[in-house]
Amino acid sequence: MIPRYSRKIMTDIWEAENRFKIWLEIETLACEKMAEMGTIPASVPKSLREKGNFDIERIDKIEKEVKHDVIAFLTSVAEYVGEDARFVHQGMTSSDVLDTALSVQLKQASDILIKDLEKLLEALKKRIIEHKNTLCIGRSHGIHAEPTTFGLKLASHYAAFDRAKERLIAAKEEIATCAISGAVGTYATINPSVQDYVAEKLGLKSEPVSTQIIPRDRHAMFFSVLGVIASSIENLATEIRHLQRTEVREAQEFFSKNQKGSSAMPHKKNPILTENLTGLARLVRSMSIPAMENVTLWHERDISHSSVERNIGPDATVTLDFALARLTNVIENLIIYPENMQYNLERMGGLVFSQKVLLALTQAGISREDAYRIVQKNAMEVWESNGDKQLIDLIKADEIVTNKLSNEQLDEIFDLSQYTKHVDTVLNRVLKSN
Amino acid sequence: MIPRYSRKIMTDIWEAENRFKIWLEIETLACEKMAEMGTIPASVPKSLREKGNFDIERIDKIEKEVKHDVIAFLTSVAEYVGEDARFVHQGMTSSDVLDTALSVQLKQASDILIKDLEKLLEALKKRIIEHKNTLCIGRSHGIHAEPTTFGLKLASHYAAFDRAKERLIAAKEEIATCAISGAVGTYATINPSVQDYVAEKLGLKSEPVSTQIIPRDRHAMFFSVLGVIASSIENLATEIRHLQRTEVREAQEFFSKNQKGSSAMPHKKNPILTENLTGLARLVRSMSIPAMENVTLWHERDISHSSVERNIGPDATVTLDFALARLTNVIENLIIYPENMQYNLERMGGLVFSQKVLLALTQAGISREDAYRIVQKNAMEVWESNGDKQLIDLIKADEIVTNKLSNEQLDEIFDLSQYTKHVDTVLNRVLKSN
Amino acid sequence: MIPRYSRKIMTDIWEAENRFKIWLEIETLACEKMAEMGTIPASVPKSLREKGNFDIERIDKIEKEVKHDVIAFLTSVAEYVGEDARFVHQGMTSSDVLDTALSVQLKQASDILIKDLEKLLEALKKRIIEHKNTLCIGRSHGIHAEPTTFGLKLASHYAAFDRAKERLIAAKEEIATCAISGAVGTYATINPSVQDYVAEKLGLKSEPVSTQIIPRDRHAMFFSVLGVIASSIENLATEIRHLQRTEVREAQEFFSKNQKGSSAMPHKKNPILTENLTGLARLVRSMSIPAMENVTLWHERDISHSSVERNIGPDATVTLDFALARLTNVIENLIIYPENMQYNLERMGGLVFSQKVLLALTQAGISREDAYRIVQKNAMEVWESNGDKQLIDLIKADEIVTNKLSNEQLDEIFDLSQYTKHVDTVLNRVLKSN
Amino acid sequence: MIPRYSRKIMTDIWEAENRFKIWLEIETLACEKMAEMGTIPASVPKSLREKGNFDIERIDKIEKEVKHDVIAFLTSVAEYVGEDARFVHQGMTSSDVLDTALSVQLKQASDILIKDLEKLLEALKKRIIEHKNTLCIGRSHGIHAEPTTFGLKLASHYAAFDRAKERLIAAKEEIATCAISGAVGTYATINPSVQDYVAEKLGLKSEPVSTQIIPRDRHAMFFSVLGVIASSIENLATEIRHLQRTEVREAQEFFSKNQKGSSAMPHKKNPILTENLTGLARLVRSMSIPAMENVTLWHERDISHSSVERNIGPDATVTLDFALARLTNVIENLIIYPENMQYNLERMGGLVFSQKVLLALTQAGISREDAYRIVQKNAMEVWESNGDKQLIDLIKADEIVTNKLSNEQLDEIFDLSQYTKHVDTVLNRVLKSN
């Protein structure tokens, strides 16, 4: 995570200010319930609500001495709250605060990421509808296959990000739990109802069992989901990079007026945003590995997960937020060249209709094997001519074919409209959910 | 995946026999719908149902020549089916068959894994109930913290595998889709209703949009879930390895009569099963990375994902199945030593009650800071005595304490029963779902 | 590792036959030294050399009972050797045999991989020399940049595989060590000179310190090197996939006579070998992660590394060997289209000379900023014409330019020969080592 | 990388100040050579040496507009240098500056890391010599195996970090290269001798072939080496965590006077530094994956590697530097408890001598199988007594044994001195290099 690839809305979540605010709220809520149960004086939560505060610099200073961040925080709070402070955090461990706070932060982060995905879906939807019938060549293995439409191309990415959203909602549920179970999670020093109360107030689930800490398989799942979403970003980014290739030129990232593509070559407009997204995806993806390694902690807990999470917590969410926003921007401003799509579609002399001819021949009674050979032979001649020859001409001149298929039938085969006939069906299925 | 770490029930799914059977079923179902729609003669699905078959050796031989597995398969089927064969696979691509078949295989694998998890949960549940009140020391950072029970320890793992099951059910849903959309996914040569029909018959969802292939973010999610489950296995395996340490000896893997622990040292009984599980977890986890890298394919598809999936498809599911079965076996036969747990619990001179004293002092009006110092001083004396001194004795001899707390109060503090009072609450929450 | 992506030369290394042969040799060599030192009777190594043998089925059967592979092996050997067998393995642990044998296997594997790399280098060298002056467009960001030659393109891959070879030689050195240090590595039951002797005889280094096992950072390094080499394979494979794109068509994988590119589309020739290599690279790369996780073993050793190595040992080496051989084959048979390269080079109207114009203007006294603007303006006009306009024409019509540069100077700028003038220098630097 | 886990000495390398300084030096050196060759006026390098400077804020501002960092930098430099600036960077691309500068930064980082390793080695050496004969139990599988010494334990880690140093030196060599080859690496606009000159002046090798950028397999190798070193850190950290376990207590991290182990449990001293190192190791290790994914760039280059390197460049080196320094500190201040080592060594009733008895019986003519059974039977009795019974007593009471071995022979067997007899040999081999 570096400023260059960060947005304030997400970095704010990981600032000390937000973290300590959540800590204070957790402590206050816990005190509310404990006071209600008569475990601590009623004045404690009241003092916390009225005077509860903290001083970040002071906390840093204390932590340097005691080497324990929660104790440092509590000491700072005590300086604001006074006498009542000694009842704060009673029967709780640091993890009760730290882990529940991390849940809140990851929930906040998830909410932003879900909104990011919604904006991306919206941007995609607009371009899908705009280009739902814009014909272009579909490619498998980088080789021209059959026609499709640009809207259909985008629709597959739309569906992927729709799944991404569902996964993220599930991942948020996974992570949005509250544990206040005391040392090694026995509730020996704090009643389970405190946890239930704090959970409810914070919009979290109450963790059924914890071992002082919230179990890390939840976090592993969360960061893995981010990794999968990042991979979907890479997929769309790569598509755009391909379309912007000089030889293809079917789409192009927006290039601002004063932007310079190359310090040396003034003619260049490079797909640097999508290349950048490719790299960011690699980063987010890799963070799933330490998140999974974090699941195995010793006995009831050790703290090896902490240094990992202090890094990947912000890094993964900030990077993914930035990437989603950047991708949305790329999609919104993507320059699309339907005329180049048309040009590419036609440049291979109608080879794209080869399957149609094959099917018609089979239907007309030629064995699949023979039909395949006939079409392949003609197709290869077109291919080697670099699209100078037209498949329809060769086919119409092939007696084996014309013995079986009339000119009218062949003209019908070499008709692009058949490739768009199910576009609406697909789009209805894909876009229905929004 | 090697025989040593494989079970037949799972490897069978990945045998050629099962794969080709599924392919044949997909082709047959597709023909049923196409015949119903009048696209192909009604005799075709009938011939397939009656005569449809394949010869694995023959397929291998043909593939060597044509270098295309689906064409080789169709050729072999044609040799059984005869004339009608030329209508088989009509308008379809290889991916329609391959990807839908992979969905079926992963669904079959998921069903086994879900059953594996259920057996593991059952085994854990039995040991949890058996030992729900078996007191033992809880440890954070490997250091004695406070008492817990062995049942509670296992309950946290139970909850993790319960989550694993939920995740796997969701992952199965993710992966259980059917796509028969033809070249580059436009349905130009095959009506979408064929896909819908085949999906329904195979118990799959109908993929809303595909680009000839089923989108690989689904598979990335699937293998990531396996990786997270593997990490939970490692977590429990590590717990057992710790408990079997010579200095701890609270539990021990079952050691069969003729088993030899060491070729050199006849006295050894090693936790080799759980160490093995630790290694297997590393393997399964690592496979999530290539699965995520597979998401980015070029344009409508390339085939780079295939070599990855031919490996990790079997490897991840077979290894995880083996690991879950082995872990279940370890849990069922785990030898538990309650007397050693008791011994360890007491060996540090009652240090484990230090928090309780701290809380009582705070309640009695001493500031948290002062109370901490008082308890820490006495605790350190016990610690340095290696548990020869008893914390209760030192505390009862400390005037600052006794000014505030009576002997009766202190006896109440040093009472183990408080650590089990919420065990039933927790177990009710954890085990409720089964 | 599956048969489809395996070569016998490498899988043989990992067969039981080879493994047990190495074990027997290690035991025999150890006995030779022990007999020489008088620790065991002189008849023992003699018996081993004369009668030493093993029966794989028998070993499997015994292992099922004793659950210990080395004990099972020794029992089988004893059945051949008779009385003297009781002195075999004396003072040694299983790890002394297992780890040293793994070193031998990895050394054998390395030797094959090094040869693979040499063959690949040879194949590349041939194509480099063949095409050292075959002009083609160089692309950055997928966008036409400036001319280069196809030989130069390949030279950068040659250099990468030359580095790969150096790294593999170093990795082999890393891994080629022998440890026979007895339980927990103290040599208490076996003199260090036995290790030194066996090491020397097997062509290994004598491990300076081992903790019963050879330290796993060595293996982590080894598998990481394989991962890096796999990444270089992916790099070259991706280049070829790009060059084979329909819109580019500068090169093409060899396509055998009866090969079928697509079951549905007879016109297709797909770069399936290099796509396959891309997937194989993902697999090998991912194995570096569990190899690194294996470094951390408990105290003097645990056996968690074993299940990982039983898999990735064969998987990584077999897959990499197959991939290198396949890539060599791809390079040897690669069809190269210099005329398409020429076509692509020229299709953008001479835009590729833009930097040259920029430099000449700067040299002629125009500020870099102004020169950049002038060239960019003209370049964009060419770009938007899709290469219909020629940059040289626009430039010659631009008064600001012609005030500074003569027609002769401009003609010199738009000359392709300048891009090849340092080809020999580079090739001399790259190919010198062979 | 977060301040909590960073040291200024390493973060400084990654500051804008250092980066731009290196850029300026590269540009200046390139100008020196170009001036010498007569390509640009002699005044240019002179102006750069005299007036060359940059303004970081100004650069940031310009970059916002032109979206190109090197152009922004050159513009700022031009504002200091004046007229001559238009000859700066002539014929060069941004990559020539960026990549060579990254080489310099990674070389600077390597030098620090090598020093870190030397300090760690020194710290280890001191403790090795101090405790070379401090007997302690060696453990395999967490189970008591045979005696070793604490010095020997540390020696294996010493050897690992000695290898780490060798690997890092090699990795530094890998990465320390200079490429100034112009657009797509043809040297068309800049003579190769410029690169050679700059390389020599900066202490780098001259890259034999580059494609505008330095090939990324070099960086993949570099970051993989960091990952392997991190894994060795985790290994030693884990050893210390094990030794500090309450039940083991053979060593303990230094705990400062005012440090608090737990906010809730005043008795706790936790191995938080080594747990922290375990987490940091996970982070560094994971960065090898995106580094390897970076190897595959499109054609002559794309910029997807850049966002990865902007993160992992600093993250991996800063984290590893911090971890090495922290580990050195842990080792220097590690509290070692020889008396607890002795206690643990003896607590299992002399089981640790079981192999010795086995060997003596074999030597005395009993078959290995029988001897194993005899010793195992007695060993298990000791084991089940929890070390209350002594193996020597049981053995001396076993007639099958005493028929073969005299009391004197048995006393010799149960003698700890044999486990230290080769300590000096090993230490001489391990420490020789320093």
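Read from first to last, the chains carry the letters A, B, C and D; within each, the first residue is number 1.
Definition applied: a contact is a pair of C-beta atoms (placed from the backbone, for glycine too) under 8 Å apart; a residue touches a chain by one contact, two chains touch by 3 or more.
Keep in mind the model is a prediction, meaning the values are calculated, not measured.
Chemist: Would you mind naming the chains that touch chain B and likewise touch chain D?
Modeler: Shared contacts of chain B and chain D: A, C.
Chemist: In terms of residue numbering, is the interface formed by chain A and chain B classified as same (over half shared) or different (under half shared)?
Modeler: Homomeric contact, same residues on both sides for the most part.
Chemist: Given that chain C is a copy of chain D, what angle of rotation, in degrees and a multiple of 5, matches their CA positions?
Modeler: Result for this pair is 180 degrees.
Chemist: Taking each chain's centre as the mean position of its Cα atoms, how many Å separate chain A from chain B?
Modeler: 24
Chemist: Can you check how far apart chain A and chain D are, centre to centre, with Cα atoms defining each centre and the answer in Å?
Modeler: Going by mean C-alpha positions, chain A sits 33 Å from chain D.
Chemist: Where in chain B do residues touch two or more other chains at once?
Modeler: 74, 91, 139-142, 145-146, 183, 189, 241-242, 260-262, 264-265, 270, 272, 275, 285-286, 289, 293, 298, 302-303, 355
Chemist: If you look only at chain D, which of its residues touch chain C in the complex?
Modeler: 74-75, 78, 85-87, 90-91, 138-142, 145-148, 152-153, 155-156, 158-160, 163-164, 167, 170, 174, 183-189, 191-192, 208-212, 215, 217-218, 220-221, 224-225, 227-228, 230-232, 234-235, 238-239, 242, 285-286, 288-289, 292-293, 295-303, 355-356, 359, 362-363, 366-369, 418-423, 425-426, 429-430
Chemist: Quick check: in the complex, which residue numbers of chain A touch chain D?
Modeler: It comes out as residues 1-2, 4-5, 65-68, 70-71, 74, 89, 91-94, 182-183, 189, 241, 256, 258-265, 270, 272, 275-276, 278-280, 282-283, 285-287, 289-290, 293-294, 298, 302-308, 310-312, 315.
Chemist: What does chain C use to touch chain A in their complex?
Modeler: So the residues of chain C in touch with chain A come to 137, 139-146, 241-242, 244-249, 260-262, 264-272, 275, 289, 293, 340, 344, 347-348, 351-352, 354-355, 358, 372, 375-376, 379-380, 382-383, 386, 391.
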